[in-house]
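Note that the chains take the letters A, B, C, D, E and F in the order they are written out, and that residue 1 is the start of every chain.
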Amino acid sequence: MMKTVLCYGDSLTWGYSAESLGRHDFADRWPSVLAAALGPEVTVIAEGLNGRTTAYDDHLADCDRNGARILPTILHSHDPLDLVIIMLGANDMKPVICGQAFGAVQGMERLIELVRHHAWSFGRDEGPEILIVSPPPLCETANSAFAAMFAGGVEQSAMLASLYRDLADEKGCGFFDAGSVARTTPLDGVHLDAENTRALGRALEPVARMMLGL
Amino acid sequence: MMKTVLCYGDSLTWGYSAESLGRHDFADRWPSVLAAALGPEVTVIAEGLNGRTTAYDDHLADCDRNGARILPTILHSHDPLDLVIIMLGANDMKPVICGQAFGAVQGMERLIELVRHHAWSFGRDEGPEILIVSPPPLCETANSAFAAMFAGGVEQSAMLASLYRDLADEKGCGFFDAGSVARTTPLDGVHLDAENTRALGRALEPVARMMLGL
Amino acid sequence: MMKTVLCYGDSLTWGYSAESLGRHDFADRWPSVLAAALGPEVTVIAEGLNGRTTAYDDHLADCDRNGARILPTILHSHDPLDLVIIMLGANDMKPVICGQAFGAVQGMERLIELVRHHAWSFGRDEGPEILIVSPPPLCETANSAFAAMFAGGVEQSAMLASLYRDLADEKGCGFFDAGSVARTTPLDGVHLDAENTRALGRALEPVARMMLGL
Amino acid sequence: MMKTVLCYGDSLTWGYSAESLGRHDFADRWPSVLAAALGPEVTVIAEGLNGRTTAYDDHLADCDRNGARILPTILHSHDPLDLVIIMLGANDMKPVICGQAFGAVQGMERLIELVRHHAWSFGRDEGPEILIVSPPPLCETANSAFAAMFAGGVEQSAMLASLYRDLADEKGCGFFDAGSVARTTPLDGVHLDAENTRALGRALEPVARMMLGL
Amino acid sequence: MMKTVLCYGDSLTWGYSAESLGRHDFADRWPSVLAAALGPEVTVIAEGLNGRTTAYDDHLADCDRNGARILPTILHSHDPLDLVIIMLGANDMKPVICGQAFGAVQGMERLIELVRHHAWSFGRDEGPEILIVSPPPLCETANSAFAAMFAGGVEQSAMLASLYRDLADEKGCGFFDAGSVARTTPLDGVHLDAENTRALGRALEPVARMMLGL
Amino acid sequence: MMKTVLCYGDSLTWGYSAESLGRHDFADRWPSVLAAALGPEVTVIAEGLNGRTTAYDDHLADCDRNGARILPTILHSHDPLDLVIIMLGANDMKPVICGQAFGAVQGMERLIELVRHHAWSFGRDEGPEILIVSPPPLCETANSAFAAMFAGGVEQSAMLASLYRDLADEKGCGFFDAGSVARTTPLDGVHLDAENTRALGRALEPVARMMLGL
């Protein structure tokens, strides 16, 4: 029977290109690479929103960027799900949002709770597995707008992988450190170029396969 | 270049089966049929949420069912889009939501405005084409819970096709009457069985193809 | 010392013209007529929003039309106030909003409470006088969109004047029946033409003057 | 060990007196009677809010009357709980709120789901038992304000007991029909006089005792 | 006649035990101690919510933790009230919430205003007395999760007593410094053990008695 | 034909006097000075709210202070508009709100987008010109309450003029540096005395005249 994977993320999942200031080609985005690798028996849903936070409001946008407020709707739209991959936290590094690695961890914990306590349709008790992916650490950039917007983010984001790993262990979730296979571009210090986003998709395949029992 | 189609709808798009009280198989849902027909050069995104309304709150749910509040987020997640297919209005027929065909038309108008005034990323002015699809009219049912929940809906929903057609003309949108190719099941009076949801997907292919310029 | 009057209303206060489908000339709107009549020692603030309700949500709009949610902000912006004239209720007649004269009365009561319990700046205890104005009753119209949008409104709106008068008496507010000097236009059944909106401004002068102690 | 019972309700639980237009004496309110009957080993928390609905917004009030929006906060404040008694639905009978017995049932179902999916502190999985209490049917009244506010409520509220009983059975909740021991006063058609509210407290004792395993 | 006291607080009022990671026994919580001391002629309502802030949003929780948004509902539920004891501010010390003593003072001022401008039922003008209680200062802890969550809180919370005292004087409220009789436990740096929470209840008795005119 | 100018601001536009702790006389507020200078052919609307931010929530107030949430309503109330003057950002300097000049710039950008994407009534595409006015830099003050509330604001606000100028250039808006003609008073470090607010009105006349094509 077909399995379904939800990729819940931000611009790193959407496929923002710091070079073209547009969106990476479909084939270059990590959810597409993962989908191709997993084959036709798995539906992979890409739900990446530029600027999405874990659980913080951002009134600077013309849509709801609080990941915790939108997640229940998305879980219902794509129910039944077998695996939810959550890669969020980069936007939490903005000082006007939160600015602290510890805050992103608390937000991620909230998202896990939302999945675990979700009222799945038709009374099913069993929910999907959860895979937490820490975004690659921010790097220094000459782009002054991004440097200002993410002030302090290089240091804070470097702590995310280890904190997310502990959280995943505590909550019985899978964990993957995107920084182990991908690096952010110095063009803006936050995003992934095409090669790095593809690398992430390839690296997630075995983890997803294992968690899906394939 | 790849084209992208967003299918924004409710349980008729999600694929609710009144027989199994679960979800239709992937291959039977109309967005899947449409995707298969359009081929690999078109990405079709299925965004069907059980209970979604056009623009009305429904506090009976554990997620946001107001189609107008969620649409901007979804438009950003899947930007750039070439075509947005909106099939909503059935849940507006519930008296506790709205209960009037005219109310669904006003809600649909709001959704059109949201697409037209959306702030597309990177300053693009051009948005997607919009195809309005009127849901098939509700039919009588022996299911007393659904009959009560949608009291008056048989009469009101019968007016939707003609009202939506006028709105689409006025606003320069495409229009398709799902009732011309699909019938709701008497099992609950609202939903489509597998054959009818497949029929809808097949019927939408030529319309979508034309609007996409394929 | 200068006195300040706030005119808090809907399209009848904004000056919607059913003929031009635009806005009445500045000089024809009732707040302008009232301002001219009261002279330079009184500042008259026109705060009319198309579609504003007394205290009901309207998610069909791209802004907040719930009069009760916005009023506190407006009271602060124009503090200190000597008189608040509230003419609302016509949009409550829409069945998707409320559809009942009694509901408009309850909404008006809520607005009165908001003024009475407002936390005036700098600890002043004394708030402004309140003048309740019942909108002129809706009339029959050949405009089918408006007829549908306000179905039942002719009967319901005819009850507003007497219900508002009782409420004003009970709450110690002033009252004026706009229907005593102005009639809605059959062009859409709801709005006032230029002559009728001017008539309302002229008729409000003595009431406002008395309530302002001028 | 001490047991805790939460009484979540509206003015019938608060103890509104249609005679004094104030609050019944502490000893006359049904939660107090129940507490006295259950003895010092049971803490009974009275959480009755005038105007509270099951799950519908009421913007006519200066506080949040939507029972579904406030319940999670109250569940946390009084956690750990052994029994939640929910007596709501009378205010749903107001046409500006919902006006339909079937709508109240849907709202009650939402409240049950909120208790069942609540994230109890410290990772406990086990939540409290739920006892659904249908409010006594509204009766005819000469009070014109209440008659208008609850138009149609006599007929609709008469259906609540049987609909709530079915819901309770389906969801595995306890059920008690308050109309079997108490009658609403013709003074306003909605509320209970002191004798009737005491009677309700007495009648709930054995049910509560059984559900608490005492 | 019976007097009523509302204790509006956070986990210090709820009775969170850093030792058991559960809730203190009923008899050990300060509102229970206060109730026992005041005797049967006074009803003491314990409204402590883990994580409650003065007036700041916390989207990390599954319920509304903003004290200012919930207070009006609670005031109505327990109306008529003779005394409101507010002990909040500890959670404001979290950097993701506010992180500044001055911010807690502003939040406390907002809560005072909400009580003062509350629309008491049945048109009563007179509201309850207000007693501001500053939470005991945070202390150093080896618990790394709490240390991170409340980074900077030791210094900031030490300023609360003096700032709250000034605010209480300015606003005509009573004031009590909980730090004068209770110390936070080094187990997590924030909470009170059973002995300290009991001590607080005992110490509040004479203040409450005086403010209640007993 | 009459032109309309909307002045959207905070206490500097409302006319808060740090001396009287009240409101400057009508004739001294900058919108009044501007109106007098522009003459009877231009309607100038003063919409200044104490505490208004660009796009940040402030739950310490009893009304909505988030400039981005209220702006669409105000744009509709005063439609059609020829020029919108936005002078905001001072309240963003409060650490509990945002505390960073860069955050105010992002908020201002959001306001510009709201004007540009606004759905003007009757299908007009053309919106008003936008004039960004940077508030005069905060100065040191002996007022300890204001010094605490705006900690760090002297440095941050000094950056606003240059950042707003760049934003205005990028977005095709007009720009005026209020600090070039007005200074904040050391009485509280934030506000303008009567002479300085008049000076601002006089200085804005030629800019407004040019942008209005007068």
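For the reader, a short list of remarks on this structure follows.
FYI, contacts are C-beta pairs under 8 Å (C-beta built on N, C-alpha and C of every residue); 3 or more make two chains touch, one makes a residue touch a chain.
Chain labels with UniProt names: A, B, C, D, E, F = Arylesterase.
Nothing here was measured: the structure is a model prediction, and the numbers come from that model.
Chain A maps onto chain D through a rotation of 180 degrees [Cα fit, steps of 5, range 0 to 180].
Taking the options C-E, A-B or E-F in turn, the interface that duplicates C-D in more than half of its contact pairs by residue number is E-F. In terms of C-beta pairs in contact, D-E outnumbers the other of D-E and E-F.
With each centre defined as the average position of its C-alpha atoms, the distance from chain B to chain F rounds to 43 Å. Centre-to-centre separation of chain A and chain E, using mean CA positions: 38 Å.
Our note on geometry: chain B versus chain E, Cα centroid distance of 49 Å, whole angstroms.
Counting partner chains per residue, chain C has residues 57, 62, 69, 113, 117-119 touching two or more of them. An unclassified topology is adopted by the chain contact network, corresponding to no line, ring, star or complete arrangement.
Interfaces, counted as pairs of touching chains, are A-B, A-D, A-E, A-F, B-C, B-D, B-F, C-D, C-E, C-F, D-E, E-F.
Those residues of chain F that touch chain A in the shared complex are 55-57, 66, 68-69, 98, 100, 102-103, 106-107, 109-110, 113-114, 117. Those residues of chain B that touch chain D in the shared complex are 57, 59-62, 95-96, 148-149, 151. Of all the residues in chain F, the ones that touch chain B in their complex are 113, 116-119. Of all residues in chain A, only 2, 14, 21-23, 25-26, 43, 46-50, 62-65, 69-70, 72-73, 75-77, 79-80, 118-119, 121-122 touch chain B in the complex they form.
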